[in-house]
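Here come two complexes built around chain A, the first alongside chain B, the second alongside chain C.
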Partner chain A sequence: MLAYTAQRVLSIIPTLIGVSLVTFGLLHLVPGGPALAMLGMAASDPKAVAAVTKELGLDRSLPEQYWIWLKRAVTGNFGTSTEFHVPVTALLFPKLEHTLILTAGSLFYAVVLGLMVGITTALYHRSLYDRLAMLLTLIGASAPVFWIGLLLIYLFAIRLGWLPALGMASPLGPPTVLGVLKHLILPAFANSIISLAVIARIVRSGMMEALVQPYILAARARGLPRWRQVVVHAFRNVLPDAINITGLQVGFLFGGALFVEVVFGWPGLGYLIYSSIQARDYVTLQAAVLIVSAAFIFVNLVADLARMALDPREARS
Partner chain B sequence: MSAATTAPAVTGELPRSARRQALAAFMRDRMAVVGVVVLLLAVIVTVLAPLISPYDPTEGDDDNILVPPFSPGHILGTDTQGRDMLARILFGARLAFPEAIIPVAVAGIIGLILGMIGGYYHRTVGEAVMRVLDVLFAIPMVLLAIAIAAALGSGLPTVVLSMSIVITPYIARVVSTTTAQLRSATFVEAARVSGFGDGRIFWREILPHVIPAVVVYGTTNMGAMVVFAAGFGFLGLGAQPPTPDWGAMIADGMHSLDSAPWVSTVPGIAIVIIALAFNYVGDGLRVALDPRLRTRL
Partner chain C sequence: MTALLEVSGLTVRFGSPSGEVHAVEDVSFAISSGESLGIVGESGSGKTVTCMSLSWLLPSPPTRYVGGRITFKGEELRPHQEKRLRHIRGRGIGMIFQNSRLSFDPAYRMGAQIAEVLRAHLPQPWRELRPEVIQTLQSCNIADAEAVLDKYPHEVSGGVAQRVSIALALLIRPDLLVADEPTTSLDLLSQIEVLALLEKLRRETGLAMILVSHDLSVVRRIADRVVIMYAGRIVEQGPAEAIFSDPRHPYTQGLLFSALQKREGGRLFELPGTPPDLAALPSGCSFRPRCPHAFAACEEMPALLPAGPAREARCHLLDPAARRD
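So, the complex of A and B:
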């Protein structure tokens, strides 16, 4: 276990270096090159271009440029946003927190509803409920998340007026925990749908397999109540698979928040990425991609280690 | 392990009857057949769009703005500029299909080559190839594609290019796993012992067994690709207005959601229908092309 943990933790170093190379390369894809991308509108001033060229070593070789960029990035210097005229770092970190809140909310839905749907459809499998639930999860997983988000807004915010449509907190007064939770309900659900469907399907097939095993028959023969057969005997054998698949979903929920944030005006990294694309603010875009990818790697690492800790069988293999 | 290596060998020995069996298995899957019919209809309608479309998809009509669906003359209604939704859906499909299919085809070919190298020479060059691809896995796929597209500038070629880049590692992984299994299969070892060169082994022994895996993977994920491509349009990175693009149409309707919800809803339904059809066809193909799944069902 310890050896695996150490190996797994160390394995992210080459990945992080690779990711930094890819993000570094992004600015070189911009027509006009990095100097233009760094300056935005100010690129019409040759003096400014000369200054940036000198500062970033743009007249030197690519490896040297990468080294200069990396040194700046590691110290948190991602440059100045061409759109908001503030250091990019100051923009990023509050947004990261908001995206993590959204991710946590989505994970809650995906796990709770995914388990409920998966277990109940396995129990009543081939019933009308099972067919309907499976069709709905398939449609939900096949539809664009931004479209689902708009449907939810139309139904629950515009038609029924039950929930707020946009933002993270009420614009009036200071933000409250309850207010944020209320604003979280719709976007977190929209973001969770694909993962919810994946978890439900895995749990359903696992439960169906477990429920016909001899140990269930034995439990029944001993006169145990049905819920004990289902929860303690069958579900326990599905749990490792469920944890495994959930771990994989955490990263997806985090990475997939972009569209949901745009639709619901959730002020996270995804929304920041969207606005920097609209404004051609490549400096902010680059830093946001790097931060999201780094966070994605860490989230996956934590999920992976948690899975190992919870399922000793995995750790041994 | 043994099942994985011997099963394709059986297919290889009896090509004709295996093909017939696969077709029969596919036809037994009702939803897959429905999916094929839906997709065929969609393709026909898409090709014929200029002939059958009731209106010009880009021409607005100030007198008929936001006409609700099922109105005479506009069965799916009109959008904020009075353009006929049905016409825009039909012409939008002319973008949606290539945007989903071309990247999968491009990534399929590159992924095949990289994956076979990665799986076959897994101790040397292949290891390096797969390590590089691992980096691309570490970045959320959609985010990487969007970042590349944003840097290159919007438009159809950009969408196709950035999607191809981000899908390639996934296909390469599927291929390299299969290739690594085949590498130690008896018939591949027999070919090696007979003195065949690597090129011939790739072409004659490995490729025929890897292609079904890629086809199944590609078809199963084609639905997701339609959704993926719509995402670019939604963010304004796809084809530029007034070209009809399903994702961009959904974004268009965002601002009139309270008064005219159909502007966003209708293109979404089109996306879901096409994506579901691809999913069912992909599932059907997977069962049909894998003899082990076929016998179990």
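So, the complex of A and C:
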């Protein structure tokens, strides 16, 4: 376990270097180069372009530029946003926190609802409920998240008026925990659907297999109550698989959150990336992509290590 | 004397792709306190399903309980009454399965699983029960009882697992112990040990017992009375001694004859043919296609007819009015 942890942690270093190269290159892929992109309409003046090129250090060689950028990035200096005129760091980290809140909310739905649907459909498999639930998870997992998001907003926010449609807190008054949780319901659910379906299906098939094992019949014959047969015995044998699949979903939910944020106006990294692209704010975009990639790698690492610690079979080997 | 357990008209079916499987058809028998009953038949004869149905154990659906009345200690047990049945299972009717290692959850230690079952039935905490558990395990010939409690099911042998499951069944003090092929999956030495243990239990506790087996020698050692099943029906029942010395149904005769030949080392006698498909039973007597004595009357299913003191057999040969010719 210790050796695996060390190996797993060290292996993220080359990945991070690769990611930094790609995000650095991003700026140079812009048609006409970054200086032209930043100046926009003013780019018709060659003197202005030359001044900006010099100011940004774009007249130096690429490796030299990369090295300077990397040194600054490591110390947390990502430059100043060309759109908002504040240090990018001040912009990024609150957004990262918001994205992580959304990811956590999505994970909660995926696990709680996924287990509930998986276990109950296995218990009543082939029933109308089972068929309906499996059909719904199939549709939910196949439909694009922005479409599902719009449907949810239309139904629960506009038609029924139960939940807020957009944002993370009410614009009136200071944000409250309860308010954030209320705003979290729709986007987190929309983001969780695919993972929910995956977890439900894995748990369902595992439970169906476990429930017909001789030890369940024996538990019944020994007079154990039904819930013990189901939870203590059948589910216990499905648990390693459930943990495994959940671990794999964490990174996926983090990535999905970026898209969901745009649909629900959730002020996280995804929304920031979206608005940076629209505003051609490449400095912010570059830093945001780097942070997202690093967070994705980190979230996966944590999920992987947690899975190792919780799965007795993995721990033993 | 009223019977401890009375089964009448038990009929159990399953759906299958090739049609409805008639697993158990119109089975009736009774067992009194202290008695031991052997149920004998080939695989697919319905003996296991009969046992499982005593406390309506098989999940329904897919099992279809078509008919039958089961009275245990004067109380009628009905299917689907899970709350009531839970207290009958284990506490009233203890069960031992063919493969005991598989009857324990691989994820927990033996001790935890024993404790769990005891907690479901007995008021005392595990601490108080532990000495009795150790003692019962030892009386079931488990020498290192303490160590076995700390082991996972895959860490013990089949014979040890079978003896633990017998001890576990006994710890709840059931009125009736049902053992479904308890020796079949064991090696020869463990078979002898488990059989000796069951015999000892019979002698010392006078516990009522139903022993299911396809092995006549096993049943012969333990049973007072014997039920012979074929294709889901009882074909013969009566006192063990009488049936073993003078079988009246051609199927019982075939079974005994093949066992006898084996013992004398002669050429193996074989019942011709195979048991019928329970989803497509032949018309009339189910044994007719394999029966050396089949005649015209066998086109109709015979009833259980008296065949001596406290004996019955399902065969037209016993009906003087239906004699051949």
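Here are a few things to note about the model shown:
The rule is short, and it goes like this: the second predicted complex is superposed on the first by the 286 of 317 C-alpha atoms of A that agree within 3 Å, B and C clash if a C-alpha of one lies under 4 Å from a C-alpha of the other, contacts with A are read in each partner's own complex, and residues count from 1 in each chain.
Quick note on the criterion: a contact is a pair of C-beta atoms (placed from the backbone, for glycine too) under 8 Å apart; a residue touches a chain by one contact, two chains touch by 3 or more.
No experiment lies behind these values; they were computed from the predicted model shown.
Per the definitions stated earlier, placing chain B and chain C onto a shared chain A by superposition produces no clash, and the two fit side by side.
In the superposition on chain A, A:T15 contacts chain B only, with no contact to chain C.
In the superposed model, A:W67 lies in contact with neither chain B nor chain C.
Using the contact criterion defined above for the overlaid structures, shared-chain residue A:L150 touches chain B, although it does not reach chain C. Once chain A of one complex is fitted onto chain A of the other, the partner contacts of A:F298 are absent, as it touches neither chain B nor chain C.
Shared-chain residue A:Q278: touches chain B; no touch with chain C. Chain A is touched at more residues by one of its partners, and among chain B and chain C that partner is B. The three-chain arrangement built by superposing both structures on chain A places chain B and chain C 80° apart around the Cα centre of chain A, to the nearest 10.
Minimum Cα separation between chain B and chain C in the superposed model: 13 Å. Overlap of the chain B and chain C interfaces on chain A comprises no residues.
Residues of chain A touching chain B in their complex: 14-15, 18-19, 21-23, 26-27, 29-31, 37, 138-139, 142-144, 146-147, 150-151, 153-154, 158, 251-252, 254-256, 258-259, 262-263, 273-274, 277-278, 282, 285-286, 289, 292-293, 296-297, 300.
Contact residues on chain A toward chain C in their complex (touch as defined above): 213-215, 217-226, 228, 232-233, 236-237. Every residue of chain B that touches chain A in the complex is listed here, in rising order: 131-132, 134-136, 138-144, 146-148, 150-153, 223-224, 227, 230-231, 234-237, 247, 250-251, 253-254, 257-258, 261, 264-265, 267-268, 271-272, 275-276, 279.
The touching residues of chain C, counted against chain A in their complex, run 55, 57, 82, 86-91, 95, 97, 99, 102-108, 116-117, 120-121, 165, 168-169, 172.
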